[in-house]
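Letters A, B, C, D, E and F name the chains as they come in the text, with residue numbers starting at 1 for each one.
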Amino acid sequence: MRPSGRTTSQIRPVTITRNFTAHAEGSVLIEIGDTKVLCNATVEVGVPRFMKGQGKGWITAEYGMLPRSTHTRNQREAAKGKQSGRTMEIQRLIARSLRAAVDLSALGENTITVDCDVIQADGGTRTASITGACVALVDAINYMRKEEIIKANPLKHMIAAISVGVYQGTPIADLEYVEDSEAETDMNVIMTEDGRLIEVQGTAEEEPFTFDEMQEMMALAKNAIGELIDEQKKALA
Amino acid sequence: MRPSGRTTSQIRPVTITRNFTAHAEGSVLIEIGDTKVLCNATVEVGVPRFMKGQGKGWITAEYGMLPRSTHTRNQREAAKGKQSGRTMEIQRLIARSLRAAVDLSALGENTITVDCDVIQADGGTRTASITGACVALVDAINYMRKEEIIKANPLKHMIAAISVGVYQGTPIADLEYVEDSEAETDMNVIMTEDGRLIEVQGTAEEEPFTFDEMQEMMALAKNAIGELIDEQKKALA
Amino acid sequence: MRPSGRTTSQIRPVTITRNFTAHAEGSVLIEIGDTKVLCNATVEVGVPRFMKGQGKGWITAEYGMLPRSTHTRNQREAAKGKQSGRTMEIQRLIARSLRAAVDLSALGENTITVDCDVIQADGGTRTASITGACVALVDAINYMRKEEIIKANPLKHMIAAISVGVYQGTPIADLEYVEDSEAETDMNVIMTEDGRLIEVQGTAEEEPFTFDEMQEMMALAKNAIGELIDEQKKALA
Amino acid sequence: MRPSGRTTSQIRPVTITRNFTAHAEGSVLIEIGDTKVLCNATVEVGVPRFMKGQGKGWITAEYGMLPRSTHTRNQREAAKGKQSGRTMEIQRLIARSLRAAVDLSALGENTITVDCDVIQADGGTRTASITGACVALVDAINYMRKEEIIKANPLKHMIAAISVGVYQGTPIADLEYVEDSEAETDMNVIMTEDGRLIEVQGTAEEEPFTFDEMQEMMALAKNAIGELIDEQKKALA
Amino acid sequence: MRPSGRTTSQIRPVTITRNFTAHAEGSVLIEIGDTKVLCNATVEVGVPRFMKGQGKGWITAEYGMLPRSTHTRNQREAAKGKQSGRTMEIQRLIARSLRAAVDLSALGENTITVDCDVIQADGGTRTASITGACVALVDAINYMRKEEIIKANPLKHMIAAISVGVYQGTPIADLEYVEDSEAETDMNVIMTEDGRLIEVQGTAEEEPFTFDEMQEMMALAKNAIGELIDEQKKALA
Amino acid sequence: MRPSGRTTSQIRPVTITRNFTAHAEGSVLIEIGDTKVLCNATVEVGVPRFMKGQGKGWITAEYGMLPRSTHTRNQREAAKGKQSGRTMEIQRLIARSLRAAVDLSALGENTITVDCDVIQADGGTRTASITGACVALVDAINYMRKEEIIKANPLKHMIAAISVGVYQGTPIADLEYVEDSEAETDMNVIMTEDGRLIEVQGTAEEEPFTFDEMQEMMALAKNAIGELIDEQKKALA
C-alpha cells in the first residue's frame, strides 16, 4: 500500500555520521531515507540574559532548509528578511525537546546551540533534526567533559523523534513526502529512551481523527523511536 | 489541591458575549475565568494568491496579546517590528483548527479572517481563542448566508479547545496561570462536537509524561470540550 | 444638520470605566459615543538610556487599533512588521501630552507607559486616548504613592483632548466618523484643566481655513474639554 | 533678547536657488539662515494603487536629514532600517500641505514626489522644506505643462510655512536651533498666499500656552509667511 | 614557508561531486582543501520584472554560510533578519561572474538561480563557490536542453576563480584560512577557460601592494585557474 | 571618440570645497564633472564593541544617494527599510580604503565616520567619494590634533580613486555615466600618493578583458590618481 512498499510500521534506513564537519563541537549528518539533515552543536560560554545569574545552562536550536533542499526552490529566509512561522515553530520544538533531555543545572552557565540545516528533504525533517541533534548534543557534552568545562554528565536520557500518521485510512510510521502530503493526520512524537513522552503534536489535515487512531499511531511511534535510539547508540558506541 | 479550589476536572466559568464590537461580521468576547479574548471575524471577497482559481475559500487567523494583558508588560509586537515565535505558532494553530471545521469548497472564493486579541490573560489564551473564534466564525457564516454570499452552510461541525496538564503529579483540566507556570506537562486539545480530534499538542515542561497520564489528560479534555460546546450552542441559540 | 442630530457644540455621551483589566497599575476603558479605547498604564523601575542619571522619570505611550476596530479590516501592524506613520504620530502626541501633565522630577527614575488600544473606532480615537490615558495615569500615580515608590504627587494638572472641525461650513465639536471623513478642517486640541493649551493640531482637509474659523473651533474645544475634565473627575472621585 | 540680535518678528535671510541639481524636474535649494534643504521634485506617470482609476493625480513627499547635518551625528535611517517617528510625521506634513496647494483633478494620473533632504540644520527644517518644496513643485508643474503632460495649471495657490514660538516668555518668529531647543512653545504654521491656514501645529514644550499667546504667534506667522511668499515669487520670476 | 607546506603556486586538492542532492537541476559539492560548498542550480520559468519582455534569460546567485561552517559560530542571517554586507557582496560577485559565462539571449525568458551554501569554511569560499557554481550551471543548462526548454547551448565559456595574495611578503595561490587572516594583500581573480578576465578584486589588508606584486599574483591566478578548469572538465566528462 | 570630446586619459574638471557644511569636523564637497558628493567626517569618542580595549581607533564610512541624484528617481533606502547590496558594497570599499590610509594605533580609541552622500550622479560616485572622503578625513584629523585628542599624525599617505574602463574597445579614464553604462569593462582603482595599490576592482560587463587591457587601464589609473592627489593637496594647502 505504501508507495515505497514499506510495511505500516517500517521506518526508512537510518545513517548517522558523526564529525561530519570539522569545526563544531558536535557535528552529525543524519539520513533517514532521502531526508538529510546536518546537525551542528556549538558550545559557548555564557547564557542568554533572561537566564543569567541562576548558575544554570541553556540549550537552544535553530532550523533552516537550504533553498533547494525541496522539490521546488523555497525563497532563502535570510534574503526574505525573516523566518517563516513554520521555521520558528520547528526550531522551538527542537530546542524544547533537547532541553528536556538535559539537567540544565549540571551544565554551568554555558549555552549549547544546535543548528539543524536540511540538506535534502523527503518528509520528517523536524523529527530527523531532533534525532540527529541529540547525537550532536552528546558529542558537545563529551567535548565539555573532556575540556573539563563540566564534571558530571548532564544528560538525563537520550531522546528521538518520529512522524506517524493516518494515510489512506491506515496508521503508518515514518511518512515520506509523498505520504505526508496526502495524509489525513500527521503526528510528531518525541520520546525518551525509557519510553516516556516529551512532546506529542497531532494534526488532522483532512478529517478529524479518533482516539483509537491516536492510540495506534502512538504505538507505532513507540516502536519506531526504539529503533532510532538503537541507531543513535550504535553511532555513539 | 488546586489554588482555586476547583476539582481536577472542573473548568472555570465561561461567558460568551456575541456582537461585542460593532463592525466585525462576527464579534465574540469569550471569558474563561479571568482570561478574556476578543475574537473578531472579518469576511472579505477573494482568497490569497496560492488559493486563486480553485473555487474554494480560505480561513485564516491572527493572534495578539495587548501589551498589558499579562502580569508584567510585554513589548508591543508592532513596535518591535515582528511577531514572536509563540505568536506565530498560536495563530497558525487557530487558523488550522478553524479550517478543519469548515468545508472550504462551500465557501466560494471568500476569506474569513479571525482576529483573536487577548484583553486579559490568565492561562489558556490559545484554547479560549479557538473556542471563541468558532462562535465568531459561525456568526460570520450566518452573515454570509443572510447576505446571500453563499447558499449552503459550510460548517462541518463546531470545534472547541481546552488545555489540560499534569500539575503536582495529577492530571487536571483548564489550567489557570499559576497552575500553568508550574505544571509538569501541558497539553492543548482541540476537538469536534462529535468527539473526534483536530489537534493534540502535549509538551513535557519538567518531566517526561507517560502513556497513562496522556490517556487521563485526554479524558479530561474530552469532558471539558463537551461542556464548552454546550456553552457555544447556548450562546448561539 | 449633524447626522446624529447633535448641536454644533454637543459632545457624545462619555463613559469612563476604571480597573477595566486586572493587571495594569491603571486600566481605563473610555467610551465616547461608539469610540472605545482601552488605556492601560504600566509602572516600571528605570528610565530609557537617554534619561539615565538625571534623577527624573519618563512617561511614554503606545497606540494601536485592533485590526477590526474599524469598518473594514486594517492589516495588523505586528504582522506587517512596522507601525504606520499615523500610529507613530498619534503615540508621540499622546506621550508628549501626558508628559506635559506631570513634573518628571517628582517621578524618580521610573517610567510610566500608557498603552492605548482602540477596541472600536468611530472618530476621535486619538483624543479619546489622551482623555482616557490621563485617568489611567492618575491611577498609576496613586499606585506609586500607595506603594511608596514616590512621596509627592507629580501631577501638575489634569489634561483632556477633543477634536473639532469645520463640517459643511460650520464649526462643530467632537466629530464622529461620518463627519470626520467629510470635514473641510479637522483640529485636535489638548488642554489643561485651567484652560491652557498643551497642543493644537489643525489640518485643512479640503479647503484652507480662516483665522475666524480657527477662533470658533478653539472656543468649541475649550467648552468640550471642560466637560471632559468634569467626567474624568467624576470617574476618579 | 534673541541670540542673533533679531527682532521678535524678524526672519532670517532667505535664499532660494532653482535648478540646484541637474536631473529633477524641480530642484530647489532653500537656505533660511543656516538651515539648508534641498527639495527635488520628480514627475512620474501613474498613481499609487489606492488612487488608480479616479483620473486624479497624487503628490507625496519624503524627508531626510543627512547624518551630519546636525551638531552631533544622527544614525543614518537607511542603515538603521527604519525611518523615525519624527521623520514620518514631517514627511506626512509636507505631503499634506503640498496636496492642499494643488487641484489633484487637474494633474491627470501622474505623481509628483518631492524629496526634502536637509543638508544643514539650524532649526525650522520642516517649515523650510515646505517653503522650498512649493517652489520645486511649481517648477515640476511648469515642466509638465511645457511637455504637454497637462494643459491647465493645477496650482491653486502658493503655500509657505514658518515656525513661531514662545521664547523666554515672548512670542517670536523663525526660531533657530538655540531658540528652538529652549522655547516654551513651538508652533509650525502653513498658510496660503491669500492668508488662509493649511495647517497649525502648536506644542507646549515646557509650560502650557494661553489663547493670547497663540493669537500673537499666529500674527507673527502671518507676517513671516507673507515675506516668504514674496521670496518664492521673486525666485520664480 | 606556507603552514601546509605547499609551494607558492600549489593549490589544495580539488574534489567536484555532481548530483550531490536529489532535487536541484544542477547540484555540485565542491571541496577545495577543507573548504566545502554546496552549489545548487534551479531552473525556473520567467525572469525578474526588470527583464520582462526582452526575450532574454537571467542568472542570479545567493550565498550563505551555515552558522557553524566557521571556527566560531556566526549568527544565522535568517534569524538576524538581514544578510550582511559581506554576503551581499559575495552573491553579487557570483551572479555577475556566472552571467558573464552565458549568452542570456540564448536562454529564453528563464531564470537560473545558483545557491552556494558553505558547509565548511577554510578560506576561499567565494572563489570555490564560483568554480562549483559553474559546474552546477552546466548541469542546469544540460537539463534545459534535454527537456527541450532551450535548443542551443548558451554557455560561452567555462569560468573558474581563485584567491591569490601576498603572505609574509611572497605572492601565493589559494590561501587557506590561516594564510588569509594574516595576508598583506588578498586578491580574487575570475577567468574564462581561454585566459581572459571576468573579475579582479584586490585589496591591501595591511600594506599597499605594488604593480609588480599584482603582476605576480595575476600570473599565479592564471595558472591556478587553468588547473581548476581541468578539474571542472574532468568532473563533467 | 568620447561623448565629451575628452582624450582617453583626460579626467573631468575637479573641484574640492572644504568646510561645505558647518557642523562636521571635516566637510568636503567634491565635484568631478557633474558628479557631486558631500563627504562629512565625524569624530566620536569610543570604538565599536569588537575593537574595544585594543587601544586602537576605527574608521568607518556610509554611502547614500539622494533619491533624485540620478536620471530617474531611486526609492529612498530609509523608506524601503534596507540598504541595497550596491550601497553596502560601496560603503565597505570606502571604509576599507580609508583605513588603509591611517595608522589606527595612532588614533586612540576614537572613531571617525565619513558619510558620503551623492547630491548629483554622473558616473564614478564611489571613486569620487573616496577621493573627497580622504580630504574630509585629513580635516577631521587636523581637528583632533588641534583639540589635542591625538598628538601624532596618524595619516600614512593620501589616497585617491578613479574609475577606468574599456569603452568601444579603447581603455579610457574617468568614465561618465553615458560611457559607464555602455563600457565593456569597468575598473575602480584606489592608490596611495606614492603609487602603490590599495584596491583594484575590475569587472567585465560585456566581454572578458585581457591582461593587456588591464595593464593599459592600470596605467591610465595611475596617471589620473596622480592628478587627483595634486587637487587634494591644492585644496588642503
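Note that in this section contacts are C-beta pairs under 8 Å (C-beta built on N, C-alpha and C of every residue); 3 or more make two chains touch, one makes a residue touch a chain.
As the structure is a prediction and not an experimental result, all values here were calculated from the model.
Fewest steps needed to get from subunit A to subunit E, stepping only to touching chains, is 1.
Chains that touch both subunit C and subunit D: there are none. Taking the mean Cα position of each chain as its centre, D sits at the greatest distance from subunit A. Using mean Cα coordinates as chain centres, the one most removed from subunit F is B. Computed centre separation for the pair subunit A/subunit D is 59 angstrom, with centres defined by C-alpha atoms.
For the pair subunit D and subunit E, the distance between C-alpha centroids works out to 50 Å. The distance from the centre of subunit E to the centre of subunit F, with each centre set as the mean of the Cα atoms, comes to 28 Å. Within subunit A, the positions touching two or more other chains are listed as 81-82.
Taken as a graph of touching chains, this assembly forms a single closed ring in which every chain touches exactly two others. The chains touch one another to form a ring, and the order obtained by going from subunit A toward subunit E and onward is A, E, F, D, C, B. Residues of subunit F that touch subunit E in their complex: 82, 85-86, 88-89, 91-92, 96, 100, 157, 187, 191-192, 194-204, 207-211, 214, 218, 222.
Per the touch definition, subunit F reaches subunit D in the complex via residues 21-24, 27, 34, 36, 38, 40, 42, 44, 62, 64, 66-71, 73, 76-83, 87, 113, 115, 117, 119-120, 122.
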